[in-house]
Every structure is written in structure tokens, then in C-alpha cells.
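Presented sequentially are two complexes of chain A, the first with chain B as partner and the second with chain C.
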Partner chain A sequence: MRSERAPLWLKAAAAAGLLFLHVPILIIFAYAFTTEDKTYQWPPPGFTLQWFGVTWNRPDVWQALGLSVRVAAISTLIALVLGTLAAAAMARARFFGREVISLLVILPIALPGIITGISLRSAFNLGGIAFSTWTIVLGHATFCIVVVYNNAVARFRRTSASLVEASMDLGANGFQTFRHVTLPNIATALLAGGMLAFALSFDEVIVTTFTAGQQQTLPIWMLEELVRPRQRPVTNVVAMVVVLVTFLPILGAYYLTRGTDTVAGQGK
Partner chain B sequence: MSTPGLSAETEASRASRRGGEGLGARLSDLLWRRPALLLALLLGPPLLWLGVVYLGSLFALLAQSFFSIDEFTGQIRREFTLKTYGELLTPANLDIIRRTVQTAALVTVTAAVIAFPIAYYAARYARGRWKAVFYLGVMLPLWSSYLVKVYSWKLILAKEGILNWAFGKLGLTWALEAYLSLPGVGGNSLSTSPTGTFLVFVYVWLPFMILPIQASLERVPASMLEASGDLGARPAQTFRHVILPLAFPGVIAGSIFTFSLTLGDYIIPQIIGTSARFIGQAVYQHQGTAGNIPLAAAFAVVPIAIMGLYLWWAKRRGAFDAL
Partner chain C sequence: MPAAVTFRNVSRHFGAVRAVDDVTVEIAEGEFFAMLGPSGSGKTTCLRLVAGFEQPTAGEIAVFGQNMAGVPPYRRPVNTVFQDYALFPHLNVRDNVAYGLMIAGRGRAERHRAAEAALELVQLPGYGDRKPGQLSGGQRQRVALARALVLEPRVLLLDEPLGALDLKLREQMQEELKALQRKLGITFVFVTHDQGEALSMADRVAVFNQGRIAQVGAPSDVYDRPATPFVADFVGSSNVLPPEVTGRLAGRRLPASLRPELVRILPPGAAGSLATARVISTQFHGAVTRVHLSMDGLDLAALLPRGARVPEEGAAVGLSWDPDDLHLMDGT
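Our next item is the complex of A and B:
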């Protein structure tokens, strides 16, 4: 007896679960257009586009956005280099201490963010390091490495070692082989990993609150609005834009790694 | 290989293919002959970064937790003492730890119950286009902004928000009010009750539970379920004796995320919930306004210890194969 159709209750439970995941995000979109600016009244008394204009003219939002993009770009770049190096080493070679190293790479994301945050804060405190863009980058790059690493190591495993040997047999040296054989093979995995790392850094708030001092990244700007709401309509618009902007790299990473056995983004 | 002629020939061919490139090619040859050197060059930079920045900081944290704060000057005294850990064990602080662990456990169980049908449907029945819908349907909420997700619940749970409105439309406001008057779970409104905190935790960490369960269910061969049916098991028995044991490592893997993330979060209980604190909030407040980094560090060691025990237990149950 082989039933390929799901029981009704299972369909209902799965659909309800997916709705539970998506409805709250959709509600934000409705709030971005509301005419109400003092409370969170539902249903919205009316709809307007004026808050998009108001948000556009807010220098503090632009400043926070600028810092977030700068931090995410630098952290992604560092993570791309370090993550790829680690993946290249771990994918092929077997050596003593290999397990320890893979644990070390995963640790920054396995332990709660607050641990990474307070650790860095203690280290800055002991070392007398002042807060700057670079203290934020130190934290972000550390947990972005694992995202690039995961994507790259999966691709390295799928790429046949004989390709590299063939390239060497045909007279290419190690650097030429890397440039013309290895890199084209892992390029989409790196792009996917880089996009996810960017999204992760762009959104990070827990570690950042410990490493930013007085600086405001976009998530920190949002956090202050959440704790002490002063500009509800502007916050609604920013929230909606952030959702739309982070969807792009996720969809991009999905299409870049589709069809491979490991798809980017599994396990943030 | 050891014939002189042959080795001379490879030497010659190597020289010829090297051509005019010089340094790059010689370096490349050196790395090919000495794989250990190549490995060291590859591993060096990432290990240096993680070792110095991450392990170094973790060590700084551990060191700080053995310092103490001087009551009179408010300065940190950099001498070894267990005094800070003594402070950690006061009833008020133990209460914070108990509340956090209890919530984390409850969130984990609830997330597993909600996640299982989604993961099961996605792994076993969804095909083609629906597979992609389920995949992105979990991935997009997973990756969308954490703060935006928390913010959306602030909107939903607000007194004038959609949930109260829906209860009103259904004529169930009395039921909500009766629930909110219960001690322990209720409060002034949903957004200031422990129930609110719990709901938001479940919502935010749910995708982290779905993915590993789905991964472990994907590996259960359909033939095994058919065999169970052929041998006379009812669907409920197959579920209890075949599917659940095979999916359990996935549940544990997911629970590592939900448990660890709840233990370390300080933003959700700060924005939605009562004034009763969680471990994360205690860490944040002690390092910030109070300036008591040693006590904050000691507090941060608690989730590390709990997670260490939990990971050790999970490893014995084979959960890491499902990650």
C-alpha cells in the first residue's frame, strides 16, 4: 500500500506553519502605508505614501545605512578570503587537529551572539582599544567566515580532484590552475557565500551593540526605535525596505547554488 | 622513477614548460612538492584571525570573570578571585538563570512540534515547484532581519494591534482577558506578558528547527516506510517506531540552535515581555550601565557551560550527523 498523497491534517499543519512564518512580515508592509502615526492601530485608518518621502529625507537613516553597508562590505571581503583559504585546506587534506579547526570555524555562530559580543568587549577593555568602524568589522568578519566556508567547502568536495591534476599535467602551474580551473569552479559558491555573509552582517545587532560604542548601524538605529518608539512611521518604512533588500541576496544565493546537493544558506 | 634518464627528462620538460615565468612557477613547484607548506599557507591566515580575534576574546572574557569590581571605587580589580562567581549564585541571579533555561526548553519543544509537520511535508510529499516553495518559504523568514521580525510582533501584540482586534471581532475578548489575568503567563497586555516573549522566541527561531529536521527526514528511505506498512504497522505505529527515531537526531540538532539562541538573546525579552530579566539582559546591563564587566563575564559563562553540557549530550545521541 503506497500512498503518495499527504493526509489532510498534515497539509493543514504544514500550511498553517508556513503562514505563521510569513504573515507577521506581511503585516509590516501594511503598516508602512498607514496614515496613523502615534499608535499601532489595526486596521490602519487610511493609506498614504507620505512616509516614504519623510524617510528619504532623514539624514540619520542614511548615515546608519552608510555605516551598515561599509561594515558589511569590508567584513564580507575579509570573510571571503579567510573562508576560502580555510575551505581549500579542509576540503582535501587530512591532518592532525582537523576536527578542532572545523569546530573553531563554526564556534562563532554556534555560541550565542552575546558571548561573542561580551568577549570582544572584554578584549577591547583589557587591550584599551577604542570603538571604531574596525571594532565592528572585527566581530562581523569573525562570524561571516563560517558562511563563506560552508558554501566553499561543499563546492570543493563536489569538484573532482582530477580536474586540478589534468590542469597540472597540461603544464599549468599552481597559480594558473587556481585562476583558470579552481576559481571558475567555485565562483558561484563564493558569490552565494558572499551574499549570505553580507546579509548576515547587514542585519547583525547583538554582537554589534557590544562593539559599536556610540556608532549607529541600521539595526542599532532600529533597536533604539524599538526600545523608545519616537518615529513610528519612519521605522515602519525602514523595516519594510530592510525586508525587501535582504530578500534579494537570499534569492540570488538560492538561484546560484540551485541543483547542487548543498544549497547555500542552510543553517545560518 | 629512480632511473636517471627518466628523471632528467621530467626535469627537462619541467624546465621547458616553466618557460619565462620564473618566480611564480618556482613557488608553485615548491608548494606542489611540499604539501605541508601549502597547507600551512592556506590555514595560517584564517587560523590566525580566529585564534587571535575569537579565541583571544573568549580568553579575555574568561579572565575577566575571575576579576572583581571594587565596591568603593567602581574600578575593576585585576586580581584572581572567585568573588564574582559567588555573586552569581545569589537567589536573584539564580532566578534569572532558571527563568532563561525554562523558557529556552519550552521554546525548543514548541518549535519542534510546529516544525515537524512542515519538515515532514517538505521532505516526503513536496515535489518540483512545491519543493522550491517550501525551501524558500523557510529560508526567507530565516534570513529576513531579526529586528524586523521582532518589530512585527510588537505591532501584532500591541493593545490596539491586529490580535486584539481579531479577538474583538470574534467576540472572544473575554477569553483573552481571562488568560491575561492568569499569574505566571499573563500581564497587562500580550506585549507585556511572558506569553508574548515566548511567542516571539518560537517565531524567530522556528526556521532553525525546520531545516535540520527536514534534512534528517530526507535521508529516511521511502522503502523503509513501505516495509513498515507491509509488516502490518498502522501509520501511527510507523511514525512512532520508524520515522521518529530516525528523525530524532535532526530534532536534537535543531534544538541546539533554538536552545542556544534563546539562552543568549537579550533583545526579545527587553522589547516584548515583563521586566523580569533573562541571562542576556543581565550580561548586557552589567557590562553597560553598571560597568561591572566581571559579573557580566561570569553571567556569560553560564550559557557556555550549559551549551557545553548540551552539545556533549547531543554528540552522544548522534545529532551532529544531521547538521
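Our next item is the complex of A and C:
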């Protein structure tokens, strides 16, 4: 048997890869403290905390953040309901055209966002639907559903069908069975899918560009800010806060779902 | 008093497949009833029809005289022990066992008391806090049993409950199940493909073949007097003689069954010899020796008890049997 220890060059390559991935994020953080606000100058000429106060007092930041949270929350909620229902149907039922429908459900995430965006925009125009928060939500829900669906369908497939029958056999009707057996068994999959859906929606740019009217979600706001050579570090402050705020729930989800892949009695 | 379970001309078709085909049978209260058959013979579908997971295509199923048509599984007075146990992985053993009581709205203290009593019944006292994943196959099977029994069903359905256990454990569980059934006095309907299990445990056995019941009867009836060549071959091992051979030996042209342990091997030409055969091979099985014979090109088997003289391979021998032991089969 070969040595368990990796060779030095492999370790160095791995370290270089990780640095390449994460050092740019640290640079973004560093610019949030710079004293220079017109060009991104490296190294920063000085450090200050003033941009945090400036950001706090900018209403456009709060508006964009509020819209993004609202859109992501509603899209995720829609995705959780529709994605779970679709997964339940696909995992259990056998019917003609099942594979085609399965493909159609997954398609939105395979399509380039620009196609989804353009097609939705022309559909909204054709239907005479005015752009609003709801048109952004619709655009985001198309790919959020897929994320939840993929997580849920995998869990459904690994859950023994006889669990549902056992529950019915022991006196539980359909609703009680869902509440006491199905939901607890897919809960962690839904949590993981939901968080991923929320994160995807939160930083979506392309579909949003086509489905939003005058409103700005946080990513779109950031894009616009970068073009403006004024108070640039505000963007970095927002970026830093967003990273920290989204990192915590993802860390939480990781610890919550850890080890649940080997759920008792599901070995077969 | 009505029968515990009644099948009246019950059929269940899946498309063109007749999984269950015109089955009529009555299972008495307090009976240990085995449904025996090869896979795909319709026995499990019959069990699922009683549990309510399947609806009959035709015919009627009644439990204690009450027609079960349109009654969902959760309103039937029966409970099931599933082949894969189907324990809820997110609940501990106590909550698994108490699940039915929780659904029925019983209080926490009562549930836990009843669950512990049921666990004692299946000899797993004190296991309540474990998760199903921490149990062995045999223990899971006991939990599944306790979970079904805690609701005090009048009929317990068992779908190949011992199929996943190893031989030693299976034999032990067979005895325990039988003892449990006697103690509780409720009706057990037991599906198995293992003829030894059916014969040793059941009060009556229904032998299934291609969606139909080939024979129903006490284990000794089914073994000694199989109704069809299929039953003779599936229940135990048997020499099935074609009608021509039976016609020559017993004077009636019907297929016949002759159990290998009832065949006696004599020296060639000995008095009382009914036929002659040649020894093809012999196999030592410990308690018995199996002798493979050819009688005019027809393969026969004979079992010799320990101590009997084992003929040499290739030798010509005489065969005899008690005429009553050559069982003629007039079933289809």
C-alpha cells in the first residue's frame, strides 16, 4: 500500500488553489477600509471606518437590500412548495411522459440565464404585465424550484416507500402521514435546498436585469455603483456584510445536515 | 361468528397481469394462516389487499364480516409487519412503537407505558431510547412486531417477516412468533416463500401459484396429499410421476406424488419390489443420504435414514413403497 502522505508539490498546488479562490475576497474586504474612494489603489493609502457610517446612512442601500431579501424569501417559499410537490410526484408515480416532464422541470437551471431572462421579458410584454417585485420573483422562482426539486427528489428516492404505508397502516391519514413521517424525513433536504435557492436568488443578476423595472436588487445596485467613481468603498462594505450574513446560515445548514445522509434504516 | 378474513372471488389485475386471480378463502379467528408460494404468485398482493394498500379489481374482502371495499388502510382493524420493517428512521424505538397511539391521540404517559409493555412482549425491554439504525436486523424485526401489536389489532399481517434474518435467528423467531400468537390469540396471516417455515408454524397453509390458490389445508394435509403436481413439488421435495407411469404402477392414469423419504430401496429382484431402477448418484446430507435414481429414464429421489445401507453408484436396485403413499393428484 502506498504512503498516506501526499507529496509536497501536491500540497503546494492545493494551497495555491485555495489562496487563488479566497485571497480576492480578502482584498474586497480590505478595500472596505481604504481612505481612498475614487480608484481602487493597492496598497490602500490608509485605513478608516468611515464607510460603515456612510453606508448605514444611504437609503438606496437599504432599499436594494430590502428588495433582495423580499424577492429571495418569496422565491424560496414558492420553490419549497412547488419543488417538493413536483419531487413527490416524480419520485413515486410512474406515468407516460415522466422523463420528459422531469427534464422540463430541470431545464430552467440548464438554460443560460440570459435566455430565461429574455423569454420571460417578452412573455411579460406580450401578457401586458407591468414589471414589479413580482416579475422578479417569477424569474427567480424558475431556477429556485429546480434546486429544491433536485434535493427533495434525491431524498424521496432514498426514503423507503413502505414508510408511508406503515404510517397509514398504523392509523394515520394522508395529512398526518405527511406531517409525522414524510416531512421529518425530507426536512434536512428541504433546508439545504431552500438555503441554496435563497443564496442563488440573492446574488442573481442576469434574469433580474430582464425582469425588473426601475427597481434595484442588491447585486444590480452593486453593479451600478462600481461604474460610479464616488464613494466606492461603500460597495465593498455592502459586499463584506453580505458575505458575513450569508456565510452564517450556510455554516448552520452544514452542521444541521451533517451526518443525515446515513439516516437509520435506509441502507437499502 | 364470521371469519376473521374472507376473500370472495377476489381478483387484482395490473394491466394484463393477473396478480391475484379469483381467490376465495376464509381465515378463521385465532388462526395462524400461512400464504405460501414462489415470488410473483400473488401471496403478497393478497396481504396488501387485506391491509388496504391495493384495491381488488373484482370480488370482495371482508374482515370480521365487514366489507372492506372503499375502507382506507388507516381505518382497517388490521396491522402489518413489513418485509423491510419500515421503521421510521427519525424516531427512536419508543416513538416508533407508540406511533399508532400518538396518531390515535393517546396521552404521552399512556403511550410510553403501552410501548414499553409491547417492547417487553417482544423481549426488547429498555430499548426505547435507541434509534432504529442502532439495532440489528432481528431487533428491528421485533420493534416492527411491537409497533403493530401495540394497537391490539384483531388480525396481524406479516409480509415475509423473517426473510432478511439468518438461519439460526430465523428458527428462533419462528418459535417466538408461534408462542406469541398462542399467547395473544389473535389471527396471524403470514406470507412466506419458505415452505419449511409455513409447514412448521401455520395452522393452515394456502399454496399460491400464478395468482390462484392451488390448495388450502393443514400442513400435514398439504404435505401428505398435495392436490396438484405444483404443490407436490413446491411443498417439500417430491417425486412427481406422470400419468403413464402411475397407470402402470397403480392402475389409474393420474399424476402422482411419492415423497422421497417413503421410497424403500431393496436388493434387485427382492420380494415386494414394485419397480427396478439404477442408482445415478448418492449424496451424504448428515441426517439422511439422498439417492438419485433413474427408473426407465424417469428421475427419482429417495432419502435413506442414517444406518441404512447405501447402494453403490451404477447399481441396479429394486424399489418399493406403501401403496397408500403413492398419492394420486386429481387437482389441476
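Brief remarks follow.
We take it that the second predicted complex is superposed on the first by the 254 of 268 C-alpha atoms of A that agree within 3 Å, B and C clash if a C-alpha of one lies under 4 Å from a C-alpha of the other, contacts with A are read in each partner's own complex, and residues count from 1 in each chain.
The working rule: a contact is a pair of C-beta atoms (placed from the backbone, for glycine too) under 8 Å apart; a residue touches a chain by one contact, two chains touch by 3 or more.
Everything quoted here is computed from the prediction, not taken from an experiment.
Contact with chain B, but none with chain C, is seen for A:Asp203 once the two complexes are overlaid on the shared chain. By the touch criterion stated above, A:Ala6 is placed in contact with chain B alone, chain C being left untouched.
Contact with chain C, but none with chain B, is seen for A:Asn185 once the two complexes are overlaid on the shared chain. Judged by the touch definition given at the top, the superposed model places A:Ile27 against chain B, while chain C stays out of reach. Residue contacts after overlaying the shared chain place A:Ala88 against chain B, while chain C stays out of touching range. Judged by the touch definition given at the top, the superposed model places A:Val105 against chain B, while chain C stays out of reach. The larger set of touched chain A residues comes from B, when the choice is between chain B and chain C. Once chain A of one complex is fitted onto chain A of the other, the partner contacts of A:Ile129 are absent, as it touches neither chain B nor chain C. By the document's definition of touching, neither partner reaches A:Val69: not chain B, not chain C. Shared-chain residue A:Met168: touches chain B and chain C both. Residue overlap on chain A between its contacts with chain B in one complex and with chain C in the other: 168, 171, 173, 176, 263, 265-266, 268.
In the complex of the two chains, the chain A residues touching chain B come out as 1-2, 4-7, 10-11, 13-14, 17-18, 20-22, 24-25, 27-28, 31, 39-43, 78, 81-83, 85-86, 88-89, 93, 95, 101, 104-105, 107-108, 110-116, 118-123, 125-127, 138, 141-142, 145, 168, 171, 173-176, 196, 199, 203, 205-206, 209-210, 219, 222-223, 226-227, 235, 239, 242-243, 246-247, 250-251, 254, 263, 265-268.
Chain C contributes residues 51-53, 72-75, 78-80, 82-90, 99-100, 102-104, 131-134, 140, 147-148, 151 to its touches with chain A in the complex. Interface residues of chain A, counted against chain C in their complex, comprise 160, 162-163, 165-173, 176, 180-181, 184-185, 262-266, 268. Within the complex formed with chain A, the residues of chain B that make contact are 17-18, 21, 24-25, 27-29, 31-32, 35, 39, 42-43, 45-47, 49-51, 53-58, 60-61, 63-64, 114-115, 117-118, 120-122, 124-125, 134-156, 158, 160-162, 165, 203, 206-208, 210-212, 215, 226, 229-230, 235, 256-257, 260-261, 263-267, 270-271, 280, 283-284, 287, 293, 296-297, 300, 303-304, 307, 323.
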